[in-house]
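Each of the next two complexes has chain A plus one other chain: chain B in the first, chain C in the second.
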Partner chain A sequence: MQAAASLPSSPSLAGRVPWLLAPYLLFFLAFWLLPLAGGVRLSMQSDVLYGDSEYVGRKHYRALLQDPRLLKALANTALFAAGSIVLILPLALLLAQALRETWRGWRPVLTFALLLPGLTPPVVLALLFLLVFHGEAGLLNQWFVLPLGGQAINWLKDPDYILPALVLQSVWRWTGFVTFFFVAGMNAVPAALYEAAHLETTSRWSVWRHVTLPRLRPVILFAVIYLVIDAFSLFAGAYVLLGGSGGTADAGLLLVSYIYHQAFVLGKFGTAAAVSVLVSPLLLGLLWLCFLVPKRA
Partner chain B sequence: MKTTTTGLALLAGLAMAPAAVAAPLQLWISSYQDKVYYEDMIRLYQKSEDPTFEAVVTAYGFREMPDKLAVSIKTGANPPDIVQLDEVLFGMYLGGEVPFVDLTSRVKEAGLDKDLVPQRLKLFTRGEAMYGVPQSLSAMLLYYRTDLFEKHGITPADLTTWDEFVAVGKRLKEKNQAMIGIDPTYFEVLLRQRGSDLFGKDGKPFPDEALAIDTLKWMVDLQSQGIAVQPDRGSIFDPVFFNTAVSSDTILCIMGADWYGLDMIQQFTPHLKGKWGVMPLPVWQEPGGKLSPRTSAFAGQGLMIYKDSTVTDEAWKFIQFVMTNREANVQRFTQGNSFPAYRPAWKDERLLQPSEFFSNQSMGKLLIRLAPEIPEVAMTAQRPQAVFMFQENFFSQLMYGQLSPEQVVTQMKGALNKQ
Partner chain C sequence: MNSQLPSPQAASGAIPPRGTGAPLHRRRPWILTLCLLLVAVLFAYPFAWMLAGWFKSNRELMMPTRFWPSTLDWSAFRRLVGGEWFPFGRVWFNSLWVAFWQAAGAVALSSLAGYVFARHTFRGRHLLFMLSVTVIVIPAQAMAIPLFSWINGLGLTNHLAGVVLPGMVSGLGIIYFTQAFRHVPTSLVDAARVEGANEWRVYLSLLPLVRPAMVSFGLIHFILAWHQHLIPLLVLSEARQQTLPLALSSLYGSSLRYPYAALMVGSTFAVIPTAILFALLYRRLQTSLSRLLPH
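Let's turn to the complex of A and B:
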């Protein structure tokens, strides 16, 4: 208590605080604030690839608000995020619990196996998924759909299956990673709480629901935020599987694919920058909601 | 004292050093296969023209290259001097001020305007200005399996017209045998063979809307009748297409340009060496009885000089060498890149030799015969967008019956006109 109280009043440390923060602030300025300012500036310039561009004000923003493809991209991205969260969270909770109950010697091997998809570069993972989702010859059709008597699904061309295919890829990639965080969260629950709970009930479900789950809330919140950010920044996976556009009938058009299409297919760098700027407050609001909802609950 | 002496010696050394050595010319290639070829060309150029010439070849993927180039142009960071771009992607740079040097007068001075196949000469142009020199003929051929043709009792003479092709296809369908793998690029290829294109001379999409709808309908019918099969990922450029539909004898033939046969077919089906043949495309018999050309054109690389390059003259000399040197043209063919569009090189025997891979047929002789019939490609700033839009968004919807040919043309036209 005495040591803690003396910290703020220490003149030598207080004097050094700005300097200690300097490296962080420098990086923040160089790699976040300046590019952001550059992006805002670019979003107000004409779409010129070469030569001098001129100031066009809010022209790109106005055009974007009338573009139904942007709405489609946002809707697809929101669906993709929701689909990933709904599938990954329960699966990861189940795996985390199973992992905790496995023989201790197996845990490092299983944890590594679960982490592996998350550690694999997204482009490599997407290339592997080309074989999984490939039409009739694809692994998913050969191993699951056809043996179960179903018709081969063209996962990457049939608009009804494109978004589910992207979600499946996300589930494969992140479930193990999220499981790892849940295991860490479960390990941090004090043993005394479990002992006290076992005095009250013998139901394992009840203990899990009233002790483990509430204690995991911050980790679940972290996982949700992580998956939302991943959905809004996913590019490589969709690009390798669907090409630079959104696939058949734009069924797999995600936000970053839309930005890529504006910049690199249409050559509209100003418009592409405007999309990024336009979406920032939206993403900020979404993250704020992620923090707010659990508190209210 | 010793330190002072060493410092002075270092300063003296720096002062006596020769003036800054010129940086090597930067050459960006949009195909990994072409890297070996261009490195060979640099050595050949050094040997026969300029021993002091230095260049660095950087290869990117087909779709990766325009992205890298766009970022480099926009930011001004490390742009190349010479760029090799495919005609399908070239239109991306025609939206505003073109970032390449106008080569019109240099091309004329070098006599390339007379020596290159005239229909290919207009490929990399906007208005009267020529920004790139086309390297390949890119004539479309029908590659067919000689062993399977023999098995089913078919000869190339049976497939002179597309109507005959469909009739043979229907007969084979009864034996559960498909004729051809279908690809979205066939739309513009067939449209061009029929005398139209994706864009008109005025730059507007679908100059002959009825013909575009008819061509799409023909493609859909080809698939619904079981004459054509759609590759799993909807593309004949996918390596898995060769491992599945081609290697399992599901199809008998594929339409492709010269570079497709020289590069992709040979690279992905080496086990079928001697079992492939080449023939002209079947022709369209239009209502008046008029026959279409026996070929069409699709894609192909060209060379451009970046506008802000400080070594424009050196870059042009190298391009001129690659375009006009006989050995450079022949090697482009023998190394499996493409058949040259430079006509004086066609006299070289190596271009006319029978190919063991293609059942001892001479691909070169056939291409030279077809060259006068190659149609022009209408180049516009929207061409890349139209190509990829059809390929990635509309083709599957059309083939799955979710959109009719009329809807595809109307929706594409609407989207292209909006840009």
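Let's turn to the complex of A and C:
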């Protein structure tokens, strides 16, 4: 997946833009660049629902930079992304290794069970999460917290537990997919490498550490990028779980919920557009980092 | 799992066949499988519970640890499928239609662009590529309002095409197919070009070589399209044109007077298509992903 950062340096055909690109360019222009330009323009217009809005320059941007809620949303989102990544990656690595070592006939069934949450629309996922896991009667409390001698936790009301609950939902949703990708990555390791490694050492841990793990690096990178993007831009779970608000004391306020709130609850479309414009370079920079750091290492 | 590492048996010299992912040792993986099974059950339990929920009353549904329904009551299923709350068959079909055409369109557009990005040079190529990739990171919420007014201007409000057409642009697809076409041996590309075929024919002749990428990306995009919420919410307001996630969430958002079991039935139908597709394509997807990953 490292291809994203660098195109091949010497393709075999040079010249003008080939007309083969035309269909894609047309769609890209019509349904992406034009709305994007519209968004940038909107971010400099006053917030009115109907009627004419006027040009206000950088007013929204200045106001946003002083809004503590935006900072809170950014911090929460970063925490959410970091939490999901820290939990999902090791768990998925373990599960992937276990899947490879278990009986062949069991693999599809187990993989399917792990992947089921990832195949489910966020609406349904959030609904099941609400009914099954949260609240005093929920499974998280009944199966884990209470047997371990803890107090029942109100996962979606207690500000200390809203973000952990969101992270848990993300773990539930994405671990299967990441595991699936890791298994594919492990299968791609040439057997010859293992044969060579086994001439050197008898320790399975050391083989895993020095052969499997380095080979998985591109897949791990891909998973990290995917989870970061999901945390910042695709997250529908928080919307359904918390109804588009930030939850108690904004403890679960994510960037997406912030934008949603500005646009669709407060009707401040200009401000909402400005948030997105403001955040996009940040995301691009993050994406860039994800590509650059492993290359340097 | 760590407790089983390191193991002296690993040196027994059993050489696995290439690329099959066979384990390096031949111990019986009892404990490992048991752990896996536990995690899998935990992950899948809510879905089994959802199926059992078809027959439960609202009161029963509020008790997640209780699994079996007390009665076999099909009324929620009959009322939902009978269209009591929304035109169920029509809405389900809308969802399938939107996801299918988005996937087909994204595969077509992205594979064309991927071929060009991987096998052509021209001025502005890098810029265009980077610009395409940014599609992935900009929050959909940011684009929603201008996109909506643009679609409205095109007269596509309340048409499924208003959701399908924008959904055909995929940044992930561009990366995916650029990578896939880079893996095609240059000699094959050159051979096709030497035969005097025009670029369109070269592209077509190379397509069978990237078929695994087409299948796996098509499936992934189908799943993403099936999960889409915000753009359909804005574009499709008429009840008959809605997609299943929209209809379900408005049912969920309304009062408690209807049976929650109906939500369980609807949710099941929202999971079925992607689950079946995935099960059918499981093996293909696994091999194509392995092949696509850099070695």
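In this section, the second predicted complex is superposed on the first by the 276 of 297 C-alpha atoms of A that agree within 3 Å, B and C clash if a C-alpha of one lies under 4 Å from a C-alpha of the other, contacts with A are read in each partner's own complex, and residues count from 1 in each chain.
By our rule, contacts are C-beta pairs under 8 Å (C-beta built on N, C-alpha and C of every residue); 3 or more make two chains touch, one makes a residue touch a chain.
Quantities reported herein were computed from a predicted structural model and do not represent experimental measurements.
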Under the stated touch criterion, which partner chain does A:158 make contact with: chain B (first), chain C (second), both, or neither? first
State whether A:147 touches chain B only (first), chain C only (second), both chains, or neither. neither
So, does A:68 touch the first partner chain B, the second partner chain C, both, or neither? neither
Using the touch definition from the top, say if A:48 reaches chain B (first), chain C (second), both or neither. first
Looking at chain A, does chain C or chain B touch more of its residues? C
Between chain B (first) and chain C (second), which does A:57 come into contact with in this model arrangement: first, second, both, or neither? neither
Scan A:248 for contacts with chain B and chain C and give back first, second, both or neither. first
For A:269, select first, second, both or neither according to whether it touches chain B, chain C, the two together, or no partner. both
Please work out whether A:138 is in contact with chain B alone, chain C alone, both, or neither, and reply first, second, both or neither. both
So in the superposed three-chain picture, is A:17 touching just chain B, just chain C, both, or none of them (first/second/both/neither)? second
After superposition on chain A, the chain A residues reached by both chain B and chain C are 131, 137-138, 263, 269
So, in the complex, the side of chain A touching chain C is made of residues 1-4, 7-8, 11-18, 20-21, 23-24, 27-28, 30-39, 41-42, 94-95, 97-103, 106, 108-124, 127-129, 131-133, 137-139, 142-143, 172, 175-176, 180-181, 183-188, 190-192, 194-195, 198, 202-208, 218-219, 229, 232-234, 236, 240, 255-256, 259-260, 263, 269, 272-273, 275-277, 279-280, 283-284, 287
Under the definition above, what is the set of chain C residues touching chain A in their complex? 1, 4-8, 10-11, 13, 15-21, 23-25, 29, 32-33, 35-37, 39-41, 43-47, 49-50, 61-65, 108-110, 112-113, 115-126, 129, 131-147, 149-150, 165-166, 168-169, 175, 178-179, 182, 186, 189-190, 193, 199-200, 203, 223, 226-227, 229-230, 244-245, 248-249, 252, 263, 267, 270-271, 274-275, 278-279, 282-283, 286-287, 289-291, 293-295
For chain B, which residues are in contact with chain A within the complex? 63, 66-67, 70, 73-74, 92-93, 95-99, 231-234, 240, 244, 307, 384-385, 388-389, 391-397, 400, 402, 419
If we count contacts the way the header does, which residues on chain A are in touch with chain B in the complex? 47-51, 130-131, 134-138, 154, 156-159, 242-250, 263-267, 269
